[in-house]
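Please see the structure below; I have some questions.
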C-alpha cells in the first residue's frame, strides 16, 4: 500500500468519523470477514476519501443529496446509515422527512413510504431510545 | 374550482416563479394542448403548492435534493429544469456538479455521465451564452 | 383545513373504502405515529381524492393498472394492498395472476416471481383462511 | 421448426393482428436484418403466442396492463406500440391518459410526463392525421 | 402438451440439472402449489429450454452474465440460485465476487454491497458447511 | 498528484487501450471541456485502474459482465463502448447478441430490444463499414 493511498484512506476514515463517529469502525470492520475483504478499503478510499472529500460541496449538503438519491432509488438498506449521518451533521428529523417526501414527485409514493416507515421511523426511535438511556 | 384549490395553485405558481421566473409560465402552458390538459394544474398544485411549499425544508435545499434524486434515477429530461432552478436559487455550477458526481456512489457512473454531458453541460453553456448576449 | 380540501379528503376516503373497506382506516391511522404524520392526509387527498377519483377511467380498471405498475416496478410492499383491493372490486385471482405474468414481457421473470410468491400467494391464502373462519 | 411451435407462432401473429393489423408485419420483419434475426420469432411465440393468448384475462385488459407497466418502467419506445394497440382494441384516448396519470402515484411525475408528451401526444396526433387523410 | 413442447421442456430441465443438480427439481415443484402452477413449466421452457440452450454462448459464460445482470438490477432473491449455479459450472468464488464488484461501476455500491453481504456470503458459507458435513 | 495515483491512472489507461485502442484517448479527452474536467481522471483511476485491473477475473470475462449489466439496466449510451470493447478482446458478435438476449429473462424484452436495435446493430455495422474501407 503506497503512502498516497494510505493518505486517501485516512482522509476517508476522517470523513466517516464525522458522519457516524460511533459506528463507522464497525462498518469498516464488517467487510473483513465478508467474501470481499478489500471492498471496505475500496469504499472508504473512493466514496469518502475521493468523492465526499472533494472541496466543491460541504459535507452537510452531501448528506442531504445522499438521502435524496437513496430514497429515490428505493435502497432502504444503505439509507439507514445516511439518515443517521445526516442527523449527526446537523439536519433535523423534519428536514430529513421533507427530503424523503419530496422524492414522491420524482419516484412516487412507494419509495417514500418505505423510506419513512422502514428506515426513518426506526432510526429516529433508536436515537431517542439511546438518548433516553434505553438504547 | 374552489378558492382553496386556487390558493394552492397560486402558491405553487409563486414557488415556480422563484425557481425559474423566465420559463415557468411556458412550462405550465405546454400542458394546455397536450392529451392531459389538466396535468399542468395538478402538477403545480401538488408538486409546488403542496410539497415544495411545506415549511420544514428551505427551497434551496429542496432543489439540491431534486438534482440528486433525478440524477440517481437517470431522468435527464426533468433534470434540465431543476439544474437551471438550482442555479437560480443560489447554488453554484461547481456545487451542482459535485451533487451529480456524488450519485456515482449510489447509482454508478453511467447516470452521472449522462447528467453531466447531456444536461449540466448544456444548461451551463446556454446560460453563459444568454449572459454574454448570444442566447 | 379548508372545506374544499376536506371535500377532496372525504372523496379519497370514500374510494379507499371501496378498495378495502376492512383495512383502509388502519392504513390511514398508521401514519399518525410515523415521522410524517400528515403524509396520510396527503396520500388520501392526492392519490385517491384527486387521481383515483378522476372520471375518465373506472375504479376496476384503475386497480388492474395499479397491480401491473407495481409488479413491473418490483414493489412488493404496496402490491399487497392493491391485489387485495383488486379482488374486492371484482377481479378474480386468475385475472390478477395473468396481469402479473404479463409483466414478464416488460420487466422479466424475477419481478413476476416475487409478486406471485411473496405477495399474491399470501393474499390469496389469507383471504381463503378468513373466509373459512380461520383468519 | 415443429408443427407445435408453428402453431404457437401463428397464434401469436393472430393476436398481433388484433393489436395492430396495419403495422404488425413490419415490426416482425424488422428483426430479419437485425443482429438477432430469430428474436422476432421468439418474441411472437413467447409474448403473444404464449402469454397474451392465455385464457385467464381478456386482450383489452392485457393492453391496459401493458400501458401501465411500460409507463411505470419509463420505457417510452415500446409504449408507442401498446398505446396504439390499446386504442385499436377499444380503449379511448381519455382512458389511456388516465392509466398513464395513475402511474404518478407509483413511479412519480417524470415517467408520466414522458409518456404523455413523448408518446401519447404523438400517437394520438398521428392517428388523427391519418383519419383526416393527411397521415 | 405437444411432443415439441415436451422436448423444449426436457431440454430446459437438462440445463437446469447442469446448473443445480441438487435443487432444480424442488424449484420446479415449488410452482405447483403457487397461484401460478404452470409458471414453472413456462419458465423452464422459455428461460432454459429456449434461451439458455441457444448454441451461440456456452453455459459457463451465460451464468456469469446472469450474475452480472441480477446484481446490477438489485435482485437478490434470484441471485442466490445463479451464484450457486455459477459455482457449480466452474466459476470460483473469487471470480463471482469480482463480477459483483464490477457492477459498482454501472449501478453503484449499494447493489454490490447487497449482493456480497446478503447473497454471496450466505451461499459461500452454506456450501462450505455442507462440504464440511455440517450443512 | 502523487506517483502512486499516477501509477493507478497509467494502469487504467493501459486497460482502456486494450479495450478500445483507437478511441480511448478521445473519450478521456472529452471530459476536459466538460463541467467535470477531473471526472475523466477519476473514472480512469477507479473503473479501470482499480476495478478492471483486479487480478481475480480476466478482462474478457469482465467485458461480458459489463455488457450484461448495462443491458439489464437499460443504459444504451455506455453500452456502445463496451460492445465495441467486447468485440476487441475476442467475443464474437453472436456471443454478444446471446448475452443481450439472456437479459430478457431478468429484465424483460424492452431492454434487450433497445440494446440490439439501438446499439449492437449500429456498432456491428460501423465496424463492418470501417473494415470494408467505407468507415
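A, B, C, D, E and F label the chains in the order they appear, each numbered from 1.
Throughout what follows, a contact is a pair of C-beta atoms (placed from the backbone, for glycine too) under 8 Å apart; a residue touches a chain by one contact, two chains touch by 3 or more.
Chain identities (UniProt): A, B, C, D, E, F = Carboxymuconolactone decarboxylase family protein.
Quick caveat, the model's predicted, so the values are computed rather than measured.
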Chains contacting each of chain B and chain D, listed by label: A, C, E, F
Graph distance between chain B and chain F, where chains that touch are linked: 1
Interface numbering overlap (same over half, different under half) for chain D and chain F: different
From the C-alpha centres, identify the chain that is farthest from chain E. B
Per the C-alpha centroid definition, the whole-Å distance linking chain A and chain D comes out as 42
Length of the line joining the C-alpha centres of chain B and chain C, rounded to whole Å: 30
Could you grab the centroid distance between chain E and chain F? Build each centroid from C-alpha atoms only and quote it in angstrom. 25
Indicate the residues of chain F shared as contacts by at least two other chains. 42, 46-47, 70, 73, 75, 78, 97, 101, 103-110
Per the touch rule, the chain B residues reaching chain A in their complex are 46-47, 51-52, 54, 56-57, 61-62, 64-73, 75, 78, 92, 94-95, 97-99, 101-107
Sites on chain E touched by chain B in the complex: 103-110
Listed in rising order, chain A residues that touch chain F in their complex are 2-5, 7, 42, 46, 50
What part of chain F is in contact with chain B in the complex they form? 30, 34-36, 39, 42-43, 47, 70, 73, 75, 77-78
Could you please specify the touching residues of chain A with respect to chain C in the complex? 74, 93, 97, 100-101, 108-114, 116-117, 120-121, 124
